[in-house]
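In structure tokens below, several structures.
Note that chain A is present in both complexes that follow, paired respectively with chain B and with chain C.
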Partner chain A sequence: MIRRLLHEIFPALWLISAAIIGHANLRLVTNCSDYVMVVSSESMEPALYRGDLIFLWNREEQVHAGDIPVVWFDGRELPMVHRAIEVHHEIDTNCTHAILTKGDNNLFDDVVLYPVGRNHVYREEVKGSVRGYVPFIGHLILFVKSWIVL
Partner chain B sequence: MSATTKIAVHSLSDLKNTTDDALPNYLHSLKFKQIYTQTDIRLALGYTAVAISGALFYFDWKLGWDATKAYTAPAVAAYFLLNGAFTYWIWFVEKGAVYEGEGKTGKIQVRSSTKKHIPIYEVDVTYTPAPTTSNPPQTIHIRAPFTRWFTSDGYFVAKPFQQWLASEVPVIGAADPNNVVEEIGRGSESESSFNVSGTNAIDILQQLKAGGNQPGAGSGRRRKA
Partner chain C sequence: MHSALVRVQNVFGFFTTVAFTVATLIALSTFINPQAPSASIKLRNVQVVRGRPHYYSYKKEEYAHIKFDLDTDLFELFNWNTKQVFLYIKAVYPATKPGLPPSEAIIWDAILPASSAPWHQNHYIHPSPKKSSSAKKTKKAAKQAAESPYPRGILHLENQRPKYQITDISGKLQNRTDVQLELGWNVQPWVGALVWTNWREYGVWQGLKGGKSETFEFPAIGAGKKLDTEKGKEGHRLMAGGEVPVGGDKKG
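This part shows the complex of A and B:
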């Protein structure tokens, strides 16, 4: 009886476990905790539009000017996806390099958005860089999120 | 004993699965005791892999990615190894095994299969007549169309299925002589390979005589009422 029950529920459990391991595998391969994100603002137009699904990669040590890093400060609810416009190497012993970011559609750089007293992003705060995107698909996720909030 | 559940007669997988489910029930009724070793190993491999993924998910949810990152790679590697072993076990060890058990008349292992688009139930039976310590195992391949034990509207009828098994497999026939039909026909065929040694030649000849089990025999001969 128990064997029969275990045998019958196994396919469903196996599917769920395969999805979990697949997700963990992608996190390992990309070295990102969140390797897929949705753009939720217009600050990066025309490169990225609100509703675009972006794919991240975090296996490169260096961030270069022109890259689009995803920056997530400690304690902040959401990350920031803007373009790196300046990169300074070996600033001090606390970080390998410091990055200044700016949204393509913004007039000014992002210093006002950084934590108080900071005028650069550290490499350790970059969760990954955008390597590809799929347009529009993220609108569904944004819609579901807004519906949940309501 | 007939099934009350109707199945789709055009679905080969439904036909096979229903027949596979009926086989252990029949053998249990003949007081065969099922051996679950292969099943237990398969379940152990599968559920260990599931448990690893469950644990990974739980600790990631509780502690976060940074804390569990170091354990993720070993967990993923272990999962793939276990899944590989699980797949190997199903494909190369179990190989479609439906039943393995032992009774008073001997030991038996049954593997079933079907060929694509062909509604014929193919069975490989490896049996060791009692006493199992002194007799070598024998293997026979028997097959019959599903129409023998399914009605045209999809109901399973147990009696012809039991008669077919009892007539074709000596160990089952010995346990259920009432269901042995001397001239089993209507499309069933059997192929036998016998492990003949100097000490068991007479036993095999007697089994052949008792079961009417001759290579290529059976097709086109009418069954006695």
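This part shows the complex of A and C:
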């Protein structure tokens, strides 16, 4: 009896563990703890619309102007996905380089969105850069998220 | 085995598999499209001024206003999987301390849409060549002004004002040497990998020819004449459902 039960649930367990191991491997390969994200704001239109799925890569040490880094400040609930418009290496603090970002759909740069007193993002606060994307699919996830909140 | 639910599951599973395969093929097809981009950038004028260039500048700092000429032929960057090309020019200048990588600051950018992309207010509209600016205010002339006079990816800009006035994190920019203007692009596909400027050859993709200006220096601080910047067409959005800037809701 028990053997039959195990025999039946084994494929499901196998699938779940394969997914978990695949997820852990992808985290290692991309060097990001969140390597897939859904775009939830319109600030990068028309490149990235709300509901697009973006894939991140964090093995490139230096961020260049023109890249799309995902910036996540400590204590913030959500990250920002904007374009790096300035990169400076000569800084007083211990971080490697400082980055200024701006959304393609915003008139001004992002300093108003940074924590008080900060004019730049440090490389350590960049969780990865956008390297690939699939349009529209994220709408499903956003819908499920809003449904769960309700 | 033949219940409605099972049938729906099978159809949905098949749809997902097909969609995934088609998306992968489209994404990979980008890399077999031959391209040979070329561009030339020339510096027209550079001024360094001391003032408050940003809305958040609480103290005076040195900022640079750089005007340039740009000629590009990026027509081949647009293949069937291209949604838009984000084109930008960045000023690259070395650090004062040896051993550090150079600083980069974007002075101008443009969003070039593919013909298959839906209209967006941020799309770049190439200014009309000066010869035809005889101000005929007919409907046809207005319509022509709304469309680029050149094919997509081909730009001819003269004495172009920058969109952004750049500062250094140290607040000092004057008398920096070995500054260079560099063209860059970010091709946004319909699906798949985003690609940036390739300077080297990869298979059928030729590297960018030209695309860098001669080196120049930031002059000493001057009085600053005609420092208008090119106004971008970007809207202003706060992140929907997300962060509000510290200090409350700010709009515009």
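The definition used in the following text is that the second predicted complex is superposed on the first by the 139 of 150 C-alpha atoms of A that agree within 3 Å, B and C clash if a C-alpha of one lies under 4 Å from a C-alpha of the other, contacts with A are read in each partner's own complex, and residues count from 1 in each chain.
Assume a residue touches a chain if its C-beta (ideal position, glycine included) is under 8 Å from a C-beta of that chain, and two chains touch if they have at least 3 such contacts.
Fair warning: this is a prediction, and the values are worked out from it, not measured in the lab.
If you stack the two complexes on chain A, which partner ends up touching A:Ser41: first (chain B), second (chain C), both, or neither?
second
Applying the touch criterion given at the start, work out whether A:Ile21 contacts chain B, chain C, both or neither, answering first, second, both or neither.
first
Between chain B (first) and chain C (second), which, if any, makes contact with A:Phe10: first, second, both or neither?
First partner only, chain B.
For A:Asp67 in the superposed arrangement: first (chain B), second (chain C), both or neither?
second
Count the residues of chain A touched by chain B and by chain C, then name the partner with the higher count.
C
Examine A:His89 and indicate which partner it touches, taking first as chain B and second as chain C; both and neither are also allowed.
After superposition on chain A, A:His89 lies in contact with chain C alone.
For the complex, which residues does chain B have touching chain A?
The touching residues are 36, 39-40, 43, 46-47, 49-50, 52-54, 56-57, 60, 65-66, 72-73, 75-76, 79-80.
Name, in rising order, each residue of chain A that touches chain B in their complex.
Going through chain A, the ones touching chain B are 3, 6-7, 10, 13-14, 16-18, 20-21, 24-25, 27-28, 33.
Help me check something: in the complex, which residues belonging to chain A touch chain C?
Residues 40-43, 45-48, 50, 62, 64-68, 76-78, 80, 83, 85-91, 97-98, 103-109, 111-113, 115-116, 119-120, 130-135 of chain A touch chain C in their complex.
Using the touch rule from the top, collect the residues of chain C that touch chain A in their complex.
Checking each residue of chain C against chain A gives 23, 27, 54-56, 83-84, 86, 88, 90, 95-97, 100-106, 109, 111, 113, 117-118, 120, 122-123, 164, 166, 168-170, 184-186, 188-194, 196-197, 232, 234-243, 245-247, 250, 252.
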